[in-house]
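In the two complexes below, subunit A is the common chain; its partner is subunit B in one and subunit C in the other.
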Partner chain A sequence: MAIQARATRMELLHLRKRAALARRGHKLLKDKLDELMRQFKILLSEYLGARQSLEAKLETAYREFIFARASMREESLSDALRYPGAVATVTTSTRRVMNLTLPVFDIAMTGSYINYGMFDTTPELDRSLEVYSEVLPEVVRLAGQEKAIGILAGEIDRTRRRVNALEYILIPELVEAVAAIRLKLDEMERGNLTRLMKVKKMTEQRREAADAVLKAAAGRPSTG
Partner chain B sequence: MKSLFLFANGRVSALEKDLLPPRMWQMLLSARDVEEAGRLLADTWYGRFLQGGNFENCFEQAAQAIEQELMELSEDPALVRGILHRRDVRNARYIWKAALSGHPSPVETERPGLIPLDVLRSALTDSEPAPELPALMSRSLEEIRSLQELSPAAIDSVMDRLAAAMEMEELPGMYPGFASFLAARMDILNFGIAARCRLAGMDRTASEQLLLEGGTRKPAEIAQAASSGALPALISDTVELESLGSVLRDAIAEKSFLEYSRESERILLGMLDTGAFAVFGPAPLAAFVIKKEYEISHLRILLAAKAARLERSRLLRRLPRG
Partner chain C sequence: MKPGSVAFIGDADTVLGFRALGVEAVVPPDPEDAARSFRELVSAGSSVIIVEEDLVEALRGEIDAVSNRPVPAVVILPGVGGSRGRGGDTIRRQILKAVGVDLMAEDA
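And then the complex of A and B:
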């Protein structure tokens, strides 16, 4: 919707100020968007690399686990996994990127992942748990990265919408409103000028008429 | 003379025809997917238990049918005890460990063997041992009660020893051929445990405590070999297991025991097939039951691998068939 404004000089000045502010804001937001995109790309490339290596390791673990699960009775497997011997402590902190608070997760593990009897369990279970315990810190770190990417993506989206709103809606509307007011003011000025010229012309005509009357009166012989 | 097992072993000869032949294993291995493997399996002895493609249910029913045959054919209660008490030991492990570790809800158990689950549950609180509990189990329960640190790992250690003792004391009384099979199985298990402990970074004392009695090699001997990196050499010097030296070496180096499990089971199946079991005794029946157990285990592995679309080469690294 176009900006509705009274065609006054005061309004014109006000709108010009708003347009200048919008342009400055647009530039700042555009710079912010560029920096956010740069940070996003860095984070994304780190994340994709880590994810690829994680998936390769998980594939190994799943392949071993398939054999462990098939070789063992379901009850034995549940029993072996029911009492974990390792304790994982996740610590959370934050870091600031472009005024955004991004989460950082870290994990510390204590104890042994093997906490079951060896008689009814298979070496494949050991191997898959070993890989799972190796990849757990990566999974947790990746969760932090994934969340950070989500937050950054949200902020990029919001900033882009603001930039677009300024670039394609507010600034053009302000420019249009300023132009419209200027046109209106120019037109009013021209109207005033025309009116003044007309008045002047009429005044001159009246003066000329009055002068003509006075002249005519002066040319007539005196009766006194 | 009942104890000669004449009828039972004649029946076992007939039943052995139900074991899957090598050609069927080849066909199962070549199956494109789990559905095709299921269709092939439906044409075998397992077909009668296969309803709605539920393999777990099928194998459970197949195992029950085998046990039924065992109980009908065995003229020696020791054989039935030896086979079925293994499941009682597993159930005891689930129940006792959960109760003593403060697990809040009831845990999953297998079908009872010869001891009802209620007896296993109440054994923990009863002051007098229940008459249904074998002496070995009562002793293990006492040992668990006297543990200073009642951790799941400590309970597991006692239960592992109980499982090994049950197997080694109840089953091998039935002729030397079968005893050597069980001793080889215990050796294979012990070498595997020692290698697993080594890979998990356990010290010699800790790994020696996990090793089980009953094999031809003493736990201390195996633990010593594990700590000095001589496990492959020691297994190469062990009767029946000579061929496992290089396999165990590769397993430790690659941290993958698929080939070790495959070759071990190949040796054990070979011992069951060609073992010098006395014809007039319970050993052929016991051998048949154990062969069927291996077959079910291998089918579960095969179907799990097919369901997960594992490549045939990887499946063949684990499966001693085909």
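And then the complex of A and C:
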């Protein structure tokens, strides 16, 4: 839908200003989009393959655990794991990319995960927990990466919508409205000019007629 | 910055081993319960919430609700049953939406 505006000089100036602003905004947003893409690509190159390798490790961890489970009695296993001796805490710091806040996770494990007696448990359990404890920090790192990618992807999508809206909708509409007003103003100007010329011609003709009458009157000898 | 916890929502077999490491293990008996526990974990300030693949559908709404916030981060991992590739799919969809090109196609 085109912008409706009165064809006045004031409106023209106003619309021109808006068009200039829209162009500047468009340029800025486009630059932002480029930078976001660059950051996104960096993140992506770090991320690629991380999930696959993690999932493979996780699978071995699960397998170890199933072995551990099979080698123990059900009750002693759940007894052994009932009260975890380790505490996993994640400290979250943040990192700014453009206008976005991305989380950076750092995991710290305190205490020993081997918090059970040697008597009731098997070495398989120890081993499987060791594998688990290697996997966990990677899970947390993956969490941070995926989060960052998700946030950035959302922002890129939003920014691109804005850029496109400016480029294909708002700016063309403004340009069109400005052109329409220009045409109308020019037409009015020409109309005015011809009207003036016409008026001038008419007054001249009238004056000539009056002069002719006067001259004729002066030429005739008076009969008074 | 403030420390948060790691939580794992999944079935008993998957979660048990992580529990020994101090990860908060949540074993929901049914999908509604999973959604409720998820919301509780979010409001309790968990930094990282690991969700087992099979529960993703049930938690879709909850996961989407936090996807624009910096924390918590949600990771979708396969359970003991093996991978169905849903975790990778989720992130891949996001990339596709952002770039318009499937950048991960070559390593699929």
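Heads up, the rule we're going with is that the second predicted complex is superposed on the first by the 189 of 224 C-alpha atoms of A that agree within 3 Å, B and C clash if a C-alpha of one lies under 4 Å from a C-alpha of the other, contacts with A are read in each partner's own complex, and residues count from 1 in each chain.
The criterion applied here is as follows: a residue touches a chain if its C-beta (ideal position, glycine included) is under 8 Å from a C-beta of that chain, and two chains touch if they have at least 3 such contacts.
Since this is a predicted model, take the numbers as computed values, not measurements.
*Asks:* Just to be sure I read the superposition right, which of the two partners does A:48 touch: subunit B = first, subunit C = second, or both, or neither?
*Replies:* second
*Asks:* Could you let me know whether more residues of subunit A are touched by subunit B or by subunit C?
*Replies:* Tallying touched residues of subunit A, the top partner is C.
*Asks:* Would you sort A:120 into first (subunit B), second (subunit C), both or neither based on which partner it touches?
*Replies:* First partner only, subunit B.
*Asks:* Just to be sure I read the superposition right, which of the two partners does A:133 touch: subunit B = first, subunit C = second, or both, or neither?
*Replies:* The answer is second: A:133 touches subunit C but not subunit B.
*Asks:* With the two complexes superposed on chain A, say which partner A:150 touches: subunit B (first), subunit C (second), both, or neither.
*Replies:* Touch status of A:150: second partner only.
*Asks:* For A:70, using the defined touch cut-off, is the partner it touches subunit B, subunit C, both, or neither? Pick first, second, both or neither.
*Replies:* In the superposed model, A:70 contacts subunit B only, not subunit C.
*Asks:* By the touch definition at the top of the document, which applies to A:79: first (subunit B), second (subunit C), both, or neither?
*Replies:* first
*Asks:* Would you please give the residues of subunit A that touch subunit B in one complex and also touch subunit C in the other complex?
*Replies:* In the superposed arrangement, which is not itself an observed complex, subunit A uses residues 62, 66, 69, 78, 85, 115 for both subunit B and subunit C.
*Asks:* So in the complex, the part of subunit C that touches subunit A is made up of which residues?
*Replies:* Answer in residue numbers: 1-6, 13-14, 16-23, 47-48, 50, 67-68, 70-71, 73-75, 77-80, 82-83, 87-88, 91, 94-95, 97-99, 103-104, 107.
*Asks:* Per the contact definition, I'd like the list of subunit A residues that touch subunit B in the complex.
*Replies:* For this pair, the touching residues of subunit A are 62-64, 66-67, 69-71, 73-76, 78-79, 82-83, 85, 112, 114-120, 122-124, 126-127, 130.
*Asks:* Applying the document's contact rule, which stretches of subunit B touch subunit A when the two form their complex?
*Replies:* 56, 90, 93-94, 97-98, 101, 103, 107-110, 152-153, 156-157, 159-160, 163-164, 189, 192-193, 195-196, 199-200, 210, 212, 251, 255-258, 260-261, 297, 300-301, 303-305, 308, 310, 314, 318
*Asks:* Would you tell me which residues of subunit A are touching subunit C in their complex?
*Replies:* 37, 40, 44, 47-49, 51-52, 54-55, 58-59, 61-62, 65-66, 69, 77-78, 80-81, 84-94, 101-103, 105, 107-111, 113, 115, 128-129, 132-133, 136, 139-140, 142-144, 146-147, 149-154, 156-157
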